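Dumping the structure here so I can ask a few things about it.
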Amino acid sequence: MTNNIKEENNNSSIMMKPNKTRDIIEKIVETIFFLCAMVSVVSVIAIIVFVFYKGVAPFVGNNAYSFFDFISGVKWDPNHNEYGVFYMIVASILATIGAIIIGVPIGLLTAVFIAEIAPKSLVNIVKPGVELLAGIPSVIYGAFGLGVIVPLINKISPEPQGQSLLAVICVLTIMILPTIISLSEATLKAVPNSYREASLGLGASKTQTIFRAVIPAAKSGILSATVLGIGRAIGETMAVMMIAGNPIGGIPMSIWDKVRPLTTNIAMEMSYASGRHQEMLFATGVILFAFIMIVNITLIKITSKAGEK
Amino acid sequence: MSNEVSKFSVQELDLYYSNFQALKKINMEIQEKEITAFIGPSGCGKSTFLKTINRMNDLVEGVKVDGKIYLDGVDIYKDIDVIKLRSRVGMVFQQPNPFPMSIYDNVAYGPRIHGIKKKSVLDEIVEKSLRQAAIWDEVKDKLKKSARAVSGGQQQRICIARTLAVEPEVILMDEPTSALDPISTLKIEDLAVELKEQYTIIIVTHNMQQASRISDKTAFFLTGEVIEYGKTEQIFNTPKNKKTEDYITGRFG
Amino acid sequence: MNSRKLKDSILQGLIYFSAAFTIFILTVIIGFILYKGVPGINLHFLTRQWEEKTTFVRVDKVAEPKDSDKEGYVSSLDITLKKDKEGNLYISKIGSDSSLDSAVDMLGQSFKVKSDDKLSKVDSNDLSELSVADAVKMINQSQDNMRLKITRPGGGIVPMLVSTIYIILLSLVIAAPIGILSAIYLNEYAKPGKILNAIRFAIQNLAGIPSIIYGLFGMLIFVQYFGMGYSILAGALTLSIILLPTIISTTEEALKAIPQTYRESSLGLGATKLQTNYKIILPNALPGILVAIILSIGRIVGESAALMLTAGTVAQIPTAITGNEAGAATLTIKLYMLMKEEGDIATACSIAIILLALIIVLNITSKVITRRFLKKQGI
Amino acid sequence: MTRQVFIKELEVLHNDVIKMGSVLELSLNEMIVALQDMDVELAQKIIDRDDEIDLLEQQIEKECINIIAKQQPIASDLRKVTSIMKIITDIERIADHCADISEYLMQIHKQPTMKAPEHLSDMIQVMKKMVVDTIDSFVNQDADKAASVIAQDDIVDNYFTSISKELCDMMQKDIKVIPQCVAYIMIIKYIERMGDHSTNIAEWIQFIVTGKLVLS
């Protein structure tokens, strides 16, 4: 009895590649896949390390530039070794907050319009439009800003030129709208219909159902959409560069003032900066990076928390 | 037939989904403070009819309703605002669907949308409704916890409590226990029998034993028509119509 | 009760207002771009180089000159001349047996003269001030093997189109395999645990980093450290890092859409994990992967900040992948430069229109693929 | 047609009742013959067969309980099963009476012969028709035939009163015949009871068919 089992084992193994080589191939392939996956990890680490290494350099070693002056400085004049970025931080924050305050409500309500109220025919027009808005490269928003918004502001602004915090806020609002609309709309659509039926069944009106049952149920999705919007607003460079005015100093006091966000500071001077000036630009990059990290971590926390509920 | 005023009087009711006729010439008087069961094979129109009573069918595109439904003698399609109707006629669904909020917020949702804000009043309503739904003892110390983190049977009773919180006069139940285990099912049935003291209950069910166990009157639906409607004992002992007999003795097809 | 009705109508009003606002913004932007850009769009814009290019050529006279009294016809070379709006002389028509076909540049290589090329000098006499007729007479009188100064007009976006395509291909060649393979690893092989969380965290962070930071990094590493200079390779490498999160997450979605039963039944038949991935998973995920690639093309076309610092801003067709011959401005960069340096919003909008068209095409293709893919799945 | 298993079980039950009915008819006919010919061996055979009928009754009863537990019959099915449980008791009672009559027959046989009461055979015939008709009406679920059986019961009762009076007169005239007359009175009592049991069965059959239960 025993030997024919051995027999059988032999012919069955002939059919398949001998187990040993098959396993080796499996292992090799798996490691290749693993290495590809690690590329993302390596690149993130590399970016952080290099940007921080280059960015921290000026504040360390012999004639170090005081980090405090850098952080609190309100004047940026590379020729006179003056590198204050505080007023840029304020500009970036104000612009982002402005864009969020206007963009999120409008975006959310438009998403409600598309997901809950609009008839099918209208949705088929608005939705592709929003997707297109999302696809437009930011440079074009810059063109639009320069071509339309700046002149408009110029007419009503007490300041001589149109480039201003207001212009930046307008363009950033327009840019984050599609992100907020498409994401919020997706989460609203994901809310199961049984909630709407349950709410209507209790005698709630259509609007009450939307604002008291559907939106609360989609809260986490809307939150992450907002955070993504913030991320995009802070990180925007090209569109903002042409309409911000980029003064060399001064904390913006009113929406009409010229502003110089962190991102534009880097982009404008990087091509011709060198030595200490270049390192300072990297330092600005580090500050920006810090903001982004905060935004990313809150986003990940929200999405993971939403997962458990 | 007793001479009480019927809670619902349905006259010559037809319903069309675009061109498909789902309900044909429904005539029925539904009594107050009684459990009326609708039975029949799937697709026979019993759920559709139930959803016409609280006008949930209005949400469906291309629905057309002819004929009249009177609630306490008032035409629900003409003379009652749909919001008022739905707060007087509560509904419990097949799949327990508590909102993704705490148990407290779920039950308080109804009163809040109808303008009740004071916390003390809400607390009282929530407790009263949960007690009425025979689930107060099981959830009284975790009102703040999410309503979805409890068993299916408990979720369904929370949904019932949520409906009771709006103080309806009628409770519609659309196969309320088909997704529940036998024990929870019996709990819901006992609850329904208790609630019939104060509310008119209409229940759609596939489970004939359930219909015979808890209902006072039963209507047998087939392809959109009411084949037979009468006292439950009579329907389940000596049904007049052969089609009813065949259905309840399981002889069809 | 009517306070509820009041509150409802206010909220409804707000909803309609914001929807209208969004639609208004959309139409204004598209309208602005079209209004400003459309006039600039014409055949030349799409087919010509960006910079003007002048070359000197030597050409012989035609053996048997046909004479025709058509205005501007140069019998000795069988070509017709005209004056354009700005008054420079250009070749409007080249005859079938015109000797220009055998024109030779100063290095002795043949040079293809095309219609619309400007003609400004014959031997040493300047033609730009002469009328068409005098210029014709001048050319006919000059001896054989005359020297002509030919200037090919610029103003076209061909170099940018070409470099955009180069960068797209190069970035995809780098990013797509890495992205797809890591998506497969994450979805098929990775066991939940610290490593997997680290990778997920990294990918989510990559997606959040603004492109200017990538620009900085790219410039530091690829342009300077590796000495590639402002080149399409540096640009492509930087871009591929930006693309990784998009490709990975979209591919993962496609992989997740494949029912678990496919994997189980394949493994059940004794197939190895690799065979399962190769035979069952990949083919089914292909449409998803295609969508991932299309989305990334959309991102590359839209990218500006990162590329500016890595691929440079020179409007030329790169002839190498590294070194200064490899610098190349994509459409978006050119659009930015036009506005920043020359404040020429009109041409910028023309380029914008091309970009918009590209993005619309990409959106539609990705929708068609997903719809066909879903229909095939029977969902 | 759904619930094939349940339908088969009902048929088995139905046939078992018919089988029990046919055994009863056998005993009944033999009882009649035995009475006429005062055939003692035949009487003994009837008495022995009574156990067989009792067994059949218990088996059918178990079947009914089984069906109710497993299939939860409703409406007409429920009526059929519950009625059968009632019917088999009446059939068993009728069979017992055949045995009882046979025992009294044996006693009469020991006594000096006596002329049977005049209308006894007529009474027996009417009773026999009632039993046979009621079993037939069960076989075909025929409510009308069942009604006709119920109508016959009074005839049997009248025979009982007239014959028992006749027997009392005979006893007053001649004390020697008292033991036989007493036996005959008992016999006609059993025959009258057999009529009543047939009526019961007929009423249950009407309940099965019409759903209306009218117990006289």
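By letter and in written order, the chains are A, B, C and D; residue numbering begins at 1 in each of them.
The rule we apply is simple: a residue touches a chain if its C-beta (ideal position, glycine included) is under 8 Å from a C-beta of that chain, and two chains touch if they have at least 3 such contacts.
Computed from a prediction, not measured in an experiment: that's the story for all the values here.
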Of all chains present, which has the mean Cα position farthest from that of chain C? D
Considering only C-beta pairs in contact, identify the chain pair with the most of them. A-C
Expressed in whole Å, how far the mean CA point of chain A lies from that of chain D is 96
Centre-of-Cα separation between chain D and chain B, whole angstrom: 53
Separation of mean Cα positions, chain C and chain B [Å, integer]: 62
Just give me the whole-number Å value for how far the CA centre of chain C lies from that of chain D. 105
Residues in chain A with touches to at least two other chains are numbered 205, 208
List, in ascending order, every residue of chain B touching at least 2 other chains. 113
Which residues belonging to chain D are in contact with no fewer than two other chains? none
Contact residues on chain C for chain A in the complex? 4, 7-8, 11-12, 14-19, 21-23, 25-26, 28-30, 32-33, 36, 177-179, 181-182, 184-186, 188-190, 198-199, 201-206, 208-217, 219-221, 241, 244-245, 248, 270, 272-274, 298, 301-305, 308-309, 332, 335-336, 339-340, 345, 348-349, 352, 355-356, 359-360, 362-363
Touching chain B in the complex: which residues of chain A? 192, 194-195, 197-205, 208, 212-213, 216-217, 309
Footprint of chain C on chain A - complex, ascending: 16, 22, 25-26, 29-30, 32-34, 36-41, 43-47, 50-51, 54, 105-110, 112-114, 117-118, 126, 128-133, 135-144, 146-148, 174, 177, 181, 205-208, 210-211, 231, 234-238, 241-242, 263, 266-267, 270-271, 281-282, 285, 288-289, 292-293, 295-296, 299-300
Under the definition above, what is the set of chain B residues touching chain D in their complex? 208-209, 212, 236-239, 245, 248-253
Residues of chain D defined as touching chain B within the complex: 1-3, 6-7, 72-79, 211
